[in-house]
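First chain A sits with chain B, and in the next complex the same chain sits with chain C.
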Partner chain A sequence: MSSSSVAQKRLFHEYRNLSINPPEGIFAGPATEDDMFNWEALIQGPEGTPFEGGVFAAELKFPKDYPLNPPTMKFVGGGVWHPNGDDPNHYEHASERWSPIQSVEKILISVMSMLAEPNDESPANIEAAKMWRDRRNDYERRVRDEVRRGLGL
Partner chain B sequence: MSDCSFDIPNSTDWLETPLSLVSPLESSLRCQVCKDFFNNPVITSCSHTFCSLCIRRCLSTEGKCPVCRSSDQELKLRRNWAVQEIVDSFRNARPGMLSLAKHPVDGGKVRGDDNPDGPTPKKRRLNRGETSEESSPVESKMTRLQSRSLRRRAQVAPTEVIEDSEDEDFVPDDGLVACPICKKRMKNDVVFEHLDTCTGPERPSQTTPFSGSLQLRSESPRERPHDSAVTSPQRLPTINYSILKDSVLRKKLRDLGIPDWGPRTLLQRRHMEWMNLWNANSDAKVPKSKQDLLLELGIWERSQGGQAPAASLGGSNSVMHKEFDAAAWSTDHGDEFKRLIANARKRSDAIVRSTIPQSPKGQNELSISNDINAKVTEPNAGEYIETLRSATMGAEQLAYRAEERSGEESGRTEGSSQTQILNATVG
Partner chain C sequence: MDSDDDFMTDASSQEDFLGTQGSDDESLGDDFADDLDGGFPYDKDIEKTAKRPYEVEFKILSPADIEMEQTQQMNEVSSILGLPPESVAILLRFARWNREKLIESYMDHPAETLEEAGLGHNFEGTPRTEVVPGFMCEICCDDGGSLQTYAMLCGHRFCVECFERYLAQKIREEGEAARIQCPQDNCHRIVDSKSLGLLVTSDLTSRYQTLLTRTYVDDKENLKWCPAPNCEYAVDCAVKPRDFNKIVPTVQCACKLSFCFGCTMNDHQPPPCSLVKMWLKKCEDDSETANWISANTKECPKCHSTIEKNGGCNHMTCRKCKHEFCWMCMGLWSEHGTSWYNCNRYEERSGSDARDAQARSRQSLERYLHYYNRYANHEQSAKLDKDLYLKTEKKMTSLQSQSGLSWIEVQFLHTASQALQQCRQTLKWTYAFAFYLSRNNLTEIFEDNQKDLELAVESLSEMFEKPVSDLAKLKVDILDKTSYCNKRRVILLSDTADNLKNGVWSFNVDL
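The block that comes next holds the complex of A and B.
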C-alpha cells in the first residue's frame, strides 16, 4: 500500500490535469515535486480588462486534509489593486464557497473572473471599490499602471 | 513522500490518443472528491455518487453533499452496485484499451488483422448456415440464431482475456503473481514449483462460465481478505463527543482497538476517521480485514493525525513557532554560539578599552543596546545562521553583559541568553 495520503493523491491528479490540459491563462503546479502541499500559480490578466497583459503570481498552500478544507492563496509581490482586495481568499461569492469537489483549477478560474468582474457586494479594499464604482477610468488607469510596473516596464 | 504517487493513472491519459473522448468517460467514473475511481460507491439522498469513504469524511466535517450542498446523513447513504460494476469492468479493460489507443502502429496492425479475420467468421457463419440448412427461407433464421450464439461466444472470449489482464494488472500491487490455473497469488519464484502440484481451481463452482462474471471478478484473489471473519461487519454508530468524558472516550478507542493517546481533539478526530474507515469498509463487497484498516488509520495518523509533522513551516519560521524547542536548538548550535561569544568578547574588550574607557557602566550598556536594536531591526531575517552572524553585535552585547555580571558564566546563563539573542535577532 502506498504511503501517500488522500490529499497527495488528489493533488497529484489535479497537477496532472492542469499540466496536460490547462485552462487558458493559468499555470499551476507544486513548487517542488517533493512537496505537493505548496503550489505556485501564474494567472494571466483576463483579456479585455485593465488587467490584460499582466501576469499575477500566487502561492497556494494546501491543508493536510485537502480537499475537505480549501487551500489558502496569496498573490506574490504586491498583490493587485482590486475592489475585493488583494487577498484572493475573499474572492468567492457566498454561493461559491469551498466544497471538496472544487479544485485548484476552479479556484484560479474564479480568481481570474473576479479580476474581470469585481464583486461589489463584499469589497475588501473600500478605496478601490469606490474608485471602481465612481471613477472607472481612474481605476482602470491605475490598474494598467500597476500591471505595467509589475512587468518591470 | 512516495514516488509511486507520480504514476497514478489519470483521465488525461486518453487526451493524446485517438480515443480522447474516453477521457470524459473516465472522469465520470471517478469520485469528484478524491479523483480516483469510485471505490465502494454510495449514492446520497440527493442522488450524487461518491466513494463511501470520501462522502463519509465530507459528511462528518460538514454534513452536506459536496455537489449540491443539501444536508445529508451518512445513515441515508445507499450502496451503488451498478456503478461499482461499471468501474470494475472499465478498470479491467483500461490497460488494454489504453495501450491499443497509445500505439497507433499496433492499433493499425490489429485493425489489419481484424479485417482478414472479420470476413472469415462471416463466411464460416454463412457456410455453416448453408451446410446445416439447405433451404434458403430458413437460412436467414438460422444465421440469426447462429450469429447470436456466435456473439455470445464472442462475449466469452473477451471476458476471459479481461480476467487475464486483470491479473496482470495487479502484479505491481502486491508483488505477487497469480497461478494461471488456480489463480492463487504467490511469489514469482514459487509459481513454477507450485504449477507442478497445482490441483486446479480452488472453487470449481466459481469458474462456471459467465454466471455473474462480475461477482467472480470482485472475489478475485486480490481482494480476498486475510480472514473471512469480517464478512458482515457491524457498523459503528456516531458518537456525540460532547457528552463523553475524556476517560470514557479513551476507553472507547481502546475497546475499538485503536490508539488512545493524544489530546481530546485528536481522540475525536481519530475516532471519526476510524468510524468512517470502518463504515466505508462495510459498504465493500469484500470488506478488508481489521488489520488493513488499522494500516490505513496509521497512514492517516502519519499524514493528518498525531504523528503528522507539526506545521511544516520552513527554516526561519520554525524559530518563531510557539513550540520551538529553544533548548534543543542551543545544544545543537552550541559550538556556533560559543564561537560567536568568543568573537564578541574579543571585540567588545577592544571597544570597551579603546572607545569608552571611562564612562559609567550603565550608560555604556545602554548605548550599545541601542546600537543593537538598530542593527537588529534591519530586515535581514532570512537564513537563520546568516542573521545570527550579521548580528554579532548582539553577541558582543551579551558577552559584555556577561563580563559585567562576572561569575554568572555558567552554561545555563549562556543557554538562556542565547535564546534571548535568537529571539532578538529573528524578531
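The block that comes next holds the complex of A and C.
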C-alpha cells in the first residue's frame, strides 16, 4: 500500500466515524468527495466562553503521508481573536507531540478547548495574549463583537 | 608515507595527565572506577611511545570500535541490573551513558527510572509479529484477516506496515534514533533495537546504528569526532574541559589530521583553546584594517576618535568633540597663536602630553601588528610549503633518476617537508601565544626558543627550495636540519606545556 492510499483509507474511515458519531459542536468532512485531502470543519464556540454562539469555519489540509505527519489547519473568514492564533486568520494546531494515532476529531476537540482556555505559555498572537492577560474584559468584549459580526448581526 | 611515521608519531605519542584527575568526585566503587570517563576496555590502539609534556593520551576509535564499546557497556550493565540488553541500551542512552548514576538511580527507584527512560515495568514475553483475529490497525484502518501486526511490551498494536512506515519516517526524515516513541498517542515507550530489527529493512537498521553511534559520541565527554571531512573516526581522550586552560590536548586521528581535542580546530599548540579563540576573534575584527589605521590616521587627543587627514591645513577640528588641535604636534590649537601653517611649538606641554597618550595607544596597536604579521607570515609560508610538499613527490622522482638514489634514499625530502609544515604551524601559534603573554623571565626563554626554531625553519626552508641537482649533495644537511627543527619544536612545546600545566605563565588577559 502506498502512503497516499493509506492516508486515503484512513481519512475515509475518520470521515465515516465523524458522520456516524459526531462529537458535540463539531462538523467536519472533505470539501468534495473526490479529494479526501482537503477538509472543511465547523466548530461551535464553547459554551460559557465569549466564543459562545459563534460558529467558526476552518480548512484542514492533509499531507500525502498522513497520519505520519499532521494536517495544517486554518480558520477561514473573519478568523478568531485569540492568544494562540497566529494572525487572526491562521490557527496553528498546537499539539504537544503529533502521533499517528491522533485524529481529526482529536485536533478539533483540542482546538475547541483551546478557545475556552488559551495556552498563554506560547502565544502566537502577542497582542491578543497581552489583552487576554491584562485586560480580560476588553478581550471578551472584542471576541463577542467579532462573533456577532461573524454571524452578520 | 611510512618513512615519516617516526616524526608523525611525535604528535601522537602519549602523555598521561590523568594522574591528577583520578580523584574524581563521582567515583562509586572500585568495580567501576576504571570505567569512569571511558576507561579503555581494549588497548590495541594505545601507542606506547615516549611521553612529552605537551602530549596527551588518547585513542582512536573506528565506528566498529564505538559500536563495540556500546555493546560491551550494555552487556555489563545488563548483567548487573538483570534487564535485557536492548532495554539497558535505552536506559543508558537516557542516562547519557553515565552508568554509575544510572545504576544508582535504578537501585534507589527502579520503577521511576524505568518510567522516565521510557521503558515501562513489563519485561515479560518476547514480542513478535503475529496475526490477531478481528484486529483493526488504528493508523491505516486496515482490518484484513491476514494482517501482520506488532506491539511492543506496552501493548499498543499496529500493523507491521504502518509500524515500519512510522519508523522509517522517524529515522530517515527526522534523524531520530535514540528516542523514538511508540506511535500511540501519549505512550512514551521507546522503540528498542530488537523491535526495530524485526520491523525494518537492513538499510534502515544501518542508518539507525549510525545515528545511535553519533548520539553516543555526542553524549560522551571523552569522545569527539575527527573534524576532517569524510573521516569516520572518533578520538577518545580523557582530558576534562576544566583543564583546557592548563593542557592543550592535541590528538592525531588515523587520517593523520592533528587537531585539538578541546576545540576540534587544527593543532594550535602552544596557546590553550581560550587564547586561540580570543586571538582569532581579534584577527577577524582587526588585522588589515588596523594596519591601515596605524599607517594613515591619528587620534583626536581629546576623544580618541580616529581621524584621517585627507587634505587641508593643520588646524584640525574634531567632528565629534569639536576639539581644535594641530595635526603636526597634536597640541592645542589655541596655543599656536598666529603661527598657523607652520608648527614650531613642538615642545609645548599640552602637545607632548597628547603625543604621549597617542603613542601609547598606537603602541598597543603596533604590538598587535607585530605579532599578527608574524602569525600571518607563518600561515602564508605554511601554505606555500604545502604547495611545495605537493611538488615534493615530483622532486623525489626526478632526484631518483638524476642521482641514481633509490626510493628509500630520497624519502628525506618528504620528511623534511612534513617537518617544515609542522614547525610552521607551531611557530604561527607561538605568536598568538606571545601576544597574550606578560613579560617576565619566562617569556625571554620562550622567545629564545621561538627564535631558535624560527631560524632553523627558515634555513631548512631555504635548502628545501634549492634546485633538484643540488639536493643530493645537501642530503646530510637537510637531514640534520630536519631533525634539529623537530628537536627545537619539541623543546619549545615542552617548555610552554610544562609552564602552562604548572600555571606559571602570566597572561595579560583572563583565560
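Definition applied: the second predicted complex is superposed on the first by the 139 of 153 C-alpha atoms of A that agree within 3 Å, B and C clash if a C-alpha of one lies under 4 Å from a C-alpha of the other, contacts with A are read in each partner's own complex, and residues count from 1 in each chain.
We take it that contacts are C-beta pairs under 8 Å (C-beta built on N, C-alpha and C of every residue); 3 or more make two chains touch, one makes a residue touch a chain.
On a predicted model such as this, the values are computed, not experimentally measured, just so you know.
Student: Is the arrangement of chain B and chain C around the shared chain A a clash or a fit after superposition?
Tutor: clash
Student: After the superposition on A, what does A:Arg135 contact: first (chain B), second (chain C), both or neither?
Tutor: The answer is neither, since A:Arg135 touches no partner chain.
Student: Which partner does A:Ser99 contact after superposing on A: first (chain B), second (chain C), both, neither?
Tutor: A:Ser99: touches chain B and chain C.
Student: Touching A:Asn21, do we find chain B (first), chain C (second), both, or neither?
Tutor: A:Asn21 sits against chain B, while chain C stays out of touch.
Student: With both complexes overlaid on chain A, does A:Arg149 touch chain B (first), chain C (second), both or neither?
Tutor: Neither partner.
Student: According to the contact criterion defined above, which of chain B and chain C contacts more residues of chain A?
Tutor: B
Student: Scan A:Pro67 for contacts with chain B and chain C and give back first, second, both or neither.
Tutor: both
Student: In the overlaid three-chain picture, which partner chain does A:Met36 touch, first (chain B) or second (chain C), both, or neither?
Tutor: A:Met36 sits against chain B, while chain C stays out of touch.
Student: Can you tell which stretch of chain C collides with chain B among 21-29, 57-65, 75-83 or 183-191?
Tutor: Clashing stretch of chain C against chain B: 183-191.
Student: Is there a shared patch on chain A that both chain B and chain C touch, and which residues make it up?
Tutor: In chain A, residues 1, 3, 6, 9-10, 12-13, 65, 67-69, 99-101 are touched by chain B and also by chain C.
Student: Under the stated contact criterion, what part of chain A meets chain B in this complex?
Tutor: Within the complex, chain A touches chain B at residues 1-10, 12-14, 16-17, 20-21, 33-37, 64-65, 67-69, 99-101.
Student: Show which residues of chain A lie in contact with chain C when the two form their complex.
Tutor: Those in contact with chain C are residues 1, 3, 6, 9-10, 12-13, 65, 67-69, 97, 99-102, 106.
Student: Which of the residues in chain C end up touching chain A in this complex?
Tutor: Going by the criterion above, the answer is residues 138-142, 161-162, 165-166, 169, 181, 183-186.
Student: What residues on chain B touch chain A, complex-wise?
Tutor: On the chain B side, the touching residues are 1-2, 4-6, 8, 10-12, 15, 32-36, 54, 57-58, 61-62, 64, 66-67, 69, 295-296, 299-300, 302-304, 308, 312.
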